[in-house]
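Below: one structure, written as structure tokens.
In order of appearance the chains are A, B, C, D and E, and numbering begins at 1 in each one.
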């Protein structure tokens, strides 16, 4: 049966990863009809939602798991996957458990998590530091200290794309790394405005201010353009999620020798368990529903998980798969995962609306040098206090 | 004479603007009626109402005894010719002529026959395959008439059909329309604001002003005995002379006095209201004033010639009488010179007297 | 002789065909434009998120809207862009039309050149100009490589200039059409007016300024409708060129609406913003449209 | 030019000394320099982006990274064109723009036809067959031209869902007709209103009805305005991205969606040459339409659009 | 009489289309010259050349003895009035009048003075604050004239200034222009294709055809002794009758023979070429034919009345003579009826004879 799957994975590494899913699904005798929409979730999501609410749903669709699809589920437009989940024992092998929790609403499972993405990484170009004559830093502070040397060598210390979500990401990563997982939980999870106004966060804003200065010369829009600055040794480093690794791979670079990765910025080694998930809209055609079941289980099968995540540069959602092929950085991630140093993604904690406001704030902060760290923090406190 | 078109208590308003008021008009079978009036007086509007192109506000319209007030234009048995010809530019003359018949689904041989007949009558047989753009103004107008002709309409409506043509063509086509009417004998209603056309063509003329018919009568009657000052001034070119003054009691009949000029009104046929004294206007046509033609006139005076306008066969002479402009039409051969003193005179029988207040004929 | 009805036929059935033929227009006007707008306004008073829900929260969305710096920037940008784009489009369009109207050679060639950008979508326009204005590849780079090292021209990367960068692209795309409209208007001016002005000894530019332009009022009205409706809706151009960046310095209301409706999944907020846009449009346009198209019958 | 020899041969020539014949005009008068100078400079500005697009699309990536964007290609390669047309990838589909081309055609043709049919009939009814209330609807329509598309996306989704056309090609055609309606109706209304009313009356007397007059009298006379409408609609609909992507399914996505996918796909370093080639390819149809019928376009606008 | 405007060997071609050919024209100081001719004959083109609005192809133009061939319109000392008025629609009448002066930098009091004077002459003082749209056709035309007046031009150029007006207004304004000319004494060149205007206004008329002046003479001269058939037919309304036939040797003078009608040409003044025999056209004006006026005519015949067109003071009577249409103008009072037999007659001295081949007067 043909099943249309919509997603916004169109970059080189991403498309290759999707290919693995499609291959596995096609192998079951069904057919994966690819409905890729380029341009990040912002472009793609309205189209997906329109189609679902417009009564012309696709077979399956990507969402960041978390609260993005909550209302669609509540409106009864998504299929309940509890039966097949129970049959296949998803609860047993999906790790960390929080992943499945965020697919669960009122005790029923509505989505299939396919990977774990962590944002808390600092990617460094070994060659850039070599040329600047400083050692490759081992944590954020060393990195900040090395910035003048990089600049002197004509390099941008920190590469940063101008898209709003990237600047927010920098803030979140610095928050988790410098203030620790608890501070993260307090601000994003508990929406504790008082805490957000406190000294720990002041320190975070100070660091964000540093990042702002270091990235002032970074003149690119897309995250992968920033990454390629690191790859080309034009920039010292980039704070970016593990998907950046795919770009290094495509460029033929090796972790350790060509580039260095510092999870948690080398300070607090934690991993955010956000990631992508697939949802299955309710369809009238029973054949298609059957195919949806097949796709759901294929996505979680150990082989697919390995193949998919190796290409995507993310971590599998199953704790029980063999990842011998994984590289240096991925192993670091797996290790952290094994230790259980995980935090939920902001998508799971805060509504898209509030996150958008946070986005707006940091976009403005990074583009407007006159907005002081103090003022930005005040505005952040406002957002936290009214967030839901 | 049977009535062919009959308009009963017709009123028409566009929104709040009333254009026609309680109009009644009976047009005889085979009559040539001309609607004459200044621009904006509602002539076209009346014609459009008769044609069914505008919905009337109240009243009724009968054509050949049939109440057609709410019928479609095509069902009224009328043909219409417009000022701008309104030929369909993308169709050949033949197509233009036959369009209405084709729409009505008439069989082809019959259409061909009618087109041939019309084009013979109008002598446009040679033009049948041309498009309107390749025709001269006069030819276009003929085609437009032909379009009404082929419909075998009982009533022809013309809305200023000649006013886009130059003087020469106009006079030629005027005669043709006259001939056509003599040949066909249809009822024709003809709108114009050219009084020469009205005079030459009409059996009866209806002079309109502000949506009201002022006078409905035979041309000569209207020309010689206009019912009011408006009608008097509207007809005639060069226009009637008007002298403002007073009617005062005189010798055996009242006199008309304008400043220092006293004109005896003996012989003037006062209307039903009888003799009158008070402010009045005396109207006299330029061609009814004699210039240097002896002293046989009941009234005569000496005036100085101010302007001389030769107009071909005749010459218009301007002078002042009682402090007011007065014009006289004389044969070009006997035209006086500017500055010359001439004796003018006229017969009050030929003049018209109008009430100074409302302009009605006295 | 038939006894035709003497009474007035039912009003509804007069002109029936015209009414039937207008059904698409009536439906569009009523269902889509009025209905859709009303629907949007109603839901702007709710706290709808991903899906529209009738959960009224009063003016909350509007309060938040006007407190949002992003919305303020968006409105400000639209004002700058709108006013400048109106002025420049009209001025440039008119000047070009006036030049083309001088009985010049190669008029067709010039006109095609000026008009072709209009055939391209905003996406394409945005992309090309993004590239030309890119300091690393585009104009700045070229001028620098010619030896003028300190030359800076990076409007799209300078928050205080970015809206002008967008304007450059917008004008490039749109002035051709305006020029065409103006040219058509100029061609409609009576030859005699020109001659009268020449006999009066009025210089060319004064003739344009004091005589011809005032005569072209209908053309300017049509042009204004086309321009203004485009300006209010400007979205693709910004997205293709800067995605609202750097930061939020090139945000525009239409983008705010879109982002809130679909990205932030806060339909209520998006609806509130679009209702604001609508309100502005209605306040400006309705009285004008009524005067222009409603009240009087055709001339 | 007159023939000087012949002129001087006329013995009775009364020509006196002093200026005679046409006033001498220099090809390089200040006026000409100003006019042509301005036009040429402006034309260069307008052509610059096209030039950049073409030049870039003919370069290889290494050359783009090195050189400046205005330099002509050292080595012309048509590979980017081939890639953009046939092999550029979006997700798993690697058949470039070619897939979208026919979709665009399939969307554009019916949309253009239907939207113009509707708008021309509307304009005709408004101009010649006014009925009570028509102006109200028309005013609403014109105001509708100012409503941001985004505002209407949701209500239209609901409407289309209710009538069961969501996701189908007919649904998209309806959407294009709706959004094309205000401006097109305005154009047609003005055009038909500028035609002599007597023509319309003559046809009524001849017995033609609403449709008869429309098809047999008005249509044959409206070529200029139809050209304008067709050009506007072809460019508008061909270039549309938002509706194409929201109201259809992936198998019928228009070319612009493909373009967006190619351009926005994040494949490491952006392949500018492919992007530019794709851009030109996408714009080719409307560009062609313009260059072929630009003259008619201006004439049509003069004939109808600008009469208020 | 000094020459005021002088055109020497003027030729003009648009591309390959030659519009004016080697034209020579001298216009006296204070003369009122009317350019008359059918549409497209080059009247406006000639006027535009004189005004400097079109560059001549060859030849020279002198105004008041000054060679202005290459001068700008504003420096030629001319004022021009256009058919479409060409008022600046958004300016008040006052602005319309003064705009040219203000642009020229004339001091304000002087401008005011000139505007006042012009508005007094033209009696438009009450309209000064109105815009053209709020004026009637006649008022607009007056303002257009005023615009030429304020410029204190030596030469006034009028391009069909009255042809957009209706007949009544046209005749009124005609007189006003005539008065204006008498008062100001400027040279005026006036283009029209209306022959009544030409006849009434002109000191001399230049009848043009196809870019060539056919005849340049005083109105009566042109009316009575047209140099060719074109001029003869172009002037006069109702138009001259033309009878096709032969000039044959007769008794003491040649005879003109059309079918069965033989008209003795005794008394006809043949031109320089002298007597002639061969195909020819005889032209005779309708008002020169007597109807039932006794038998004193050198030529007379009995004809049947076919159509009668009453035109107010006169009536046009249609009949056939020698198988050809012929019209006669009679006083309305003595109009015959259709079908009546009448005796017509005319004096060959009054007729014009044209060469059958080239139409030149014999």
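Here, a residue touches a chain if its C-beta (ideal position, glycine included) is under 8 Å from a C-beta of that chain, and two chains touch if they have at least 3 such contacts.
Bear in mind the structure is a predicted one, so any value in this text is a computation, not a measurement.
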| item | value |
| --- | --- |
| Chains touching both chain A and chain E | C, D |
| Rotation angle superposing chain B onto its copy chain E by C-alpha atoms, nearest 5 degrees | 180 |
| Two chains sharing the most C-beta contacts | C-D |
| Separation of mean Cα positions, chain C and chain B [Å, integer] | 54 |
| Whole-Å gap separating chain A and chain C, where each centre is the average of the chain's CA atoms | 38 |
| Geometric centre distance via CA averages, chain D-chain C, whole Å | 16 |
| Residues within chain C bordering two or more other chains | 14, 258, 261 |
| Set of chain D residues in contact with two or more other chains | 153, 158, 260, 263 |
| In the complex, chain E residues that touch chain B | 39, 166-168, 171, 174-175, 178-179, 182, 193-196, 199-200, 219-220, 223, 235-239, 285-287, 307, 309-313, 316, 318, 329, 332 |
| Chain C residues touching chain A - in the complex, by the definition given at the top | 49-51, 68-70, 135-136, 154, 157, 159, 243-249, 258-266, 269 |
| Contact set on chain E toward chain C in their complex | 48, 51-53, 72-75, 78-80, 82-86, 88-91, 99-100, 103-104, 147, 151 |
| Footprint of chain A on chain D - complex, ascending | 89-93, 153, 157-158, 160-161, 164, 166-167, 245-247, 249-251, 257, 260-270 |
| Chain C-facing residues of chain D, complex | 35-36, 38-39, 42-43, 45-50, 52-53, 56, 64, 68-70, 118, 121-122, 124-127, 129-132, 134-156, 158-159, 177-178, 181-183, 185-186, 193, 209-211, 235, 238-242, 256, 259-260, 263, 272, 275-276, 279, 282-283, 286-287, 289-291, 294-295, 297-298, 301-302, 305-308 |
